[in-house]
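In what comes next, chain A is part of two complexes: it sits with chain B in the first one and with chain C in the second one.
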Partner chain A sequence: MGNGFLARGRWWPAVTISIALAAISFYLLLVLSNWFYLGLADTVYFFSQPRMWQRFWLTVWTSTISMSLSLVIGIPAGYALSRFSFPCRNLFASIVDLPIVVSPAVIGAFLFGITTRFPFDLISEHYNIYIGRNVYGVLLVQFTVTCAFCARLMKASFDMIPPKFELVSRSLGASNFRTFFKVVLPMAKNGILASMIVVWARAAAEWEGLMLFVGASEGETDIMPFAIYLDWNGGMMGWVTSMTIVCILMAVTAMAAMRLIGGKSSVW
Partner chain B sequence: MIEIQNLSGSLGEFCLRNIDLTVQDGEYMVLLGPTGAGKTVLIEYMVGMYRQREGVILVDGEDITPLYTEERNIAYVPQDYALFPNLSVAGNIAYGLEAKRHPKKEITRITEEILDALGIGHLRHRMPLNLSGGEKQRVALGRALATRPKVVLLDEPLSALDENLRAQMSRELRDLQQSSKATFVHVCHNFEEASAVADRIAIMNNGFLVQVGTLEEVKAQPKNEFVARFLKTQNIFPAVADGTKVLVNGIQLEKKSSTRGDMVMAIRPEKLRIHPDNEAGGLNAFRGTIVEAIPRPHFIEYTVDVGLKLTVFQIAEREYRVGDAVTVQVPAEHIALVEKV
Partner chain C sequence: MMQKISVLLGILILCAPITALSGDQKALLFHAGVGQRSSLNEIKAVWEERHPDQKVNFSYKGSGYFIADITRSRQGDLFMPGEEFYLLQAKERGFVENYNPETDIPAYFVTVIITPKGNPANITKIEDFARPGVRVGLGNPKSCAVGIWHEKTFKKAGIWEQVQKNAVLSAKCIPELGNAAQHRAIDATIVWSTTAVLYLRDVEIIPIEHQYRGIIRLPVATLKFARFSEEAEQLKAFILSPEARRIFHKHAYSVDPRIPVDEQSFCLDGTTDRDMGHLVNAARAVKDESFPVTAETVGDLIDEVERQRKTLRAGT
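For the complex of A and B:
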């Protein structure tokens, strides 16, 4: 039975597999119905419009930058949570979890409150960098939502590496720094790569926080999922349908890459 | 030389209490004890994984307790070897030399020497995932010895190996220790494994160091009932000692040394001799009947009822059957009286 186990009787595997197939069919039907709704000619039309690709690339590069910024914080934070005891560790872990359990819309509202106050108001006044209804706002929302998520995933990746590897490395004369870069990071590589993809996909799927904090600005803040919401409100169903297809393709590619890279180091 | 003085520390509910242990230069010391005795915790203190509550660890007179793990020059080989999976066999062995910034040429030379000495030159480009248990152990030892540490700590290094390989690897461990002249501290809970490699053994229980000595010393005079039982001394009975006389279950034995009080008598089964009923007599000779005879690979394990049920290991120079009348000779010098636990 492949990687499965021998189940008693045939009805139990049959029932569970049927339920799984029904669920998959439902999602497949959703995707295909969009395609059928749009039709081949309209698909070609919308996919050849610069507006579509501008939104696509905006989504790709903002998500990539947010993911990179999240990694800069998430890797050391995840390692610290995985390995060290420090005062208020549990409190810190709970705060890290907040953006995961709280709706991104709430985060958008918080950001609105913060960025209009010190020190952001001074930054915008003195350096003319306004973080709000522009692409910086998009990056801030994506980063805020994904950073904690990233730290959580990184912690899970590091948790899977037994600390004795670090002890052995240090007993051989390697510093903490060398041990981290020569032993821990290479061993966590698959978990980290797979987590990066999940974080990227999470950033690319963000829209509730954007809706509250950033708002609509054609060509600057309309990453794919937010653009779908905006065009839906505008009744532009052709754009909505074609963008959902792009989103689905992006998600499927990301998940396939994650499964391929993650392998046994899957952290979810 | 390692000197552990009054070392105490606690990890959760487990406490290591007042450990005093000296390991001589180039000695092979085995820490022996049941699961949960504190053996692994003790070597983890030695390698610097935890900070002790009290006490010091001196290596060649230098207090290493304030030092970080990487400053101690103590190599550590954990139970499943913890070979770095991202590095080849040669990469694993060279790891410590690179960390200590040896010149490249020297790293290559030492790595090659170790690969040859351990007979694993053909594995140099292999990744750890593709090695057998014995090969992994050789690589882990090579990696540990490459940096010429003063002390090598081995945490149950043979437990992952099958029985045949275990015997071979214990011989190799012993040879390696003698050729490297390093001080080895080896943790195990197996008496046979300890007897194959140890110069001395240190027996631990419940976070205490109970007894230290050569295997023969500890076997001949266990400190208490726990040690006697742990070293598989099967003839253990409550006894009353009065000078050189020992009274056990109504039977009187003569002992060489003089002691008094309620104690426990321990006699190792290989020290007892069985004679045909009409051939032996004299001091501590007891007539009885064979009640069980179990053939073992190198001897026969007899149980003889002489009023006490005594277990005797005897090489099969002459076989006895269940029901045979025999005499069991208990040598006075091998009667150990120990504290009750």
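For the complex of A and C:
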């Protein structure tokens, strides 16, 4: 009987499925053990604290703004990299890849360089503020990290659309501009929505750049991942555990949304 | 269409800051060690209430990050790292405007032994760390100040070799040691009193005898490129005032202006004994609901005990 099992080649799906299940149960165990550690009474306590939700909304709105900005730059840039040939195109394409490959910590360190240079020095002088030490610094770090990432994802989405549709559109007399908005964008819609979520999640998970460039001010710049680090340092394991649970719920929601919205197109 | 709307919204929100930033509020930038967060947040609340025209923005980081930050950004009004060493480093590079080592120490860390709940290895004194089989947690002296103190203390006791053999953990930062004791990964370690107080429910606190009890100075200074030097000086003076010292005391710092120490910064007399007694009682009080919590038993740690009694896992 074992022979028949092997002969029919069922062992291969069985092996792969059990590996997948093992991996999934490992992750489930991680979440559940954390939740058990916290206990029900403490879960209720921490989840009802305004501090938790204030940090949650801070994370949500900063990530949303930096995602929107990244899209403004990323969509046209991705389109250009995907469709047009211009001098140094390959060089630009690799530069766009850089923030994905390079650690965000490096980006945080680099950002120091510009805040003391023109025109930022004049702005900070004029308004008597420290650029980058407030919530705008958070947005700057998130934007820097996600913008190129977004352009990269957009390029991939546009690459998947055959150029012949645009050719047809233009041969029928539509302008470049009209073609882009009426033909290309609608076709890339799923890809754009899916990458929006990925970019959003990337912004919400940003931490190293913040650690170096912004530093944390309670209630102002401590988005979720940073808050977890701070509270871990303060020995507040209850906060750490409950916030990780919120983060995981956030990630699960984002992924489910991605499935629902962009299920038909793959981002990677 | 949706895209266009979100784009417009984004740009609008981004334009808002320029007007918002030009308000009259003076925003001070305060570089502070992440370990001082709870007490400095309280001080900030008091300060901002009294000076509505000012705002204190903290840049909490691990102390090791500061020199790079300040060198690169040349920003900041005040500086309060978790060890005098980092401040002297900044002073050497000419970043510090005003620091007087005689007077500018608002608070001190004191070293204590912590063990998991129930003290499984029955640790009572420094010499017990050398007993075979005791799992000791040490700090890595390259990345955290407490590691330097481990080496210093055990060398003074003449048991450094044996303790190193017992070491099962080389921590990169001090909370790692607290967490290890909390989760029973080690049998004993030495941490600051301010770290120990965060884990009252899950650890036992054992005061160290005077000759091995380390006193760590916690300095505050104003910086050369301060944008609001006058306000920074005032805030510094407030941090050194008895009122702010009391806030530090509530978080288990020792705040006596003069603690007699030897040249290695080990304690010479019983100035900190009372604080140690309160800390030990606080650890009992959180575990045992029937233990009386009064100014007599736990001193200024009352709030901390009440906070930790509220939840099973620590929070604020």
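Following the convention adopted for this analysis, the second predicted complex is superposed on the first by the 256 of 268 C-alpha atoms of A that agree within 3 Å, B and C clash if a C-alpha of one lies under 4 Å from a C-alpha of the other, contacts with A are read in each partner's own complex, and residues count from 1 in each chain.
Operating definition for what follows: a contact is a pair of C-beta atoms (placed from the backbone, for glycine too) under 8 Å apart; a residue touches a chain by one contact, two chains touch by 3 or more.
Just so you know, these numbers come straight off a predicted model, no measurement behind them.
Model built by superposing both complexes on chain A: chain B and chain C fit together without a clash.
When the two complexes are overlaid on their common chain A, residue A:M236 makes contact with chain C while staying clear of chain B.
Comparing chain B with chain C, more residues of chain A are touched by C. When the two complexes are overlaid on their common chain A, residue A:S68 makes contact with chain C while staying clear of chain B. Shared-chain residue A:P13: touches no atom of chain B or chain C. In the superposition on chain A, A:R133 contacts chain C only, with no contact to chain B.
Contacts of A:P162 after superposition on the shared chain: chain B is touched, whereas chain C is not.
Taking the two complexes aligned on chain A, the least Cα distance separating chain B from chain C is 15 Å. Touching of chain A by both chain B and chain C, each in its own complex, is seen for no residue at all. Residues 162, 164-165, 167-175, 178, 182-183, 186-187, 189 of chain A are the ones that touch chain B when the two sit in their complex. Contact residues of chain B toward chain A in the complex are 44, 47-49, 68-70, 72-78, 82, 84-86, 95-96, 99-100, 143-144, 147, 153. Only residues 3, 6-7, 9-11, 13-14, 17-18, 21-22, 26-27, 29, 31, 34-35, 37-38, 41, 57-62, 65, 68-69, 72-76, 173, 175, 178-179, 182, 195, 198-199, 227, 310-316 of chain C touch chain A when the two sit together in their complex.
Within the complex formed with chain C, the chain A residues making contact are 37-39, 41-42, 45-46, 49, 51, 65, 68-69, 71-72, 75, 109, 112-113, 115-116, 127-130, 132-134, 136, 139, 185, 192, 211-212, 214-218, 220, 230, 232-239, 241-242.
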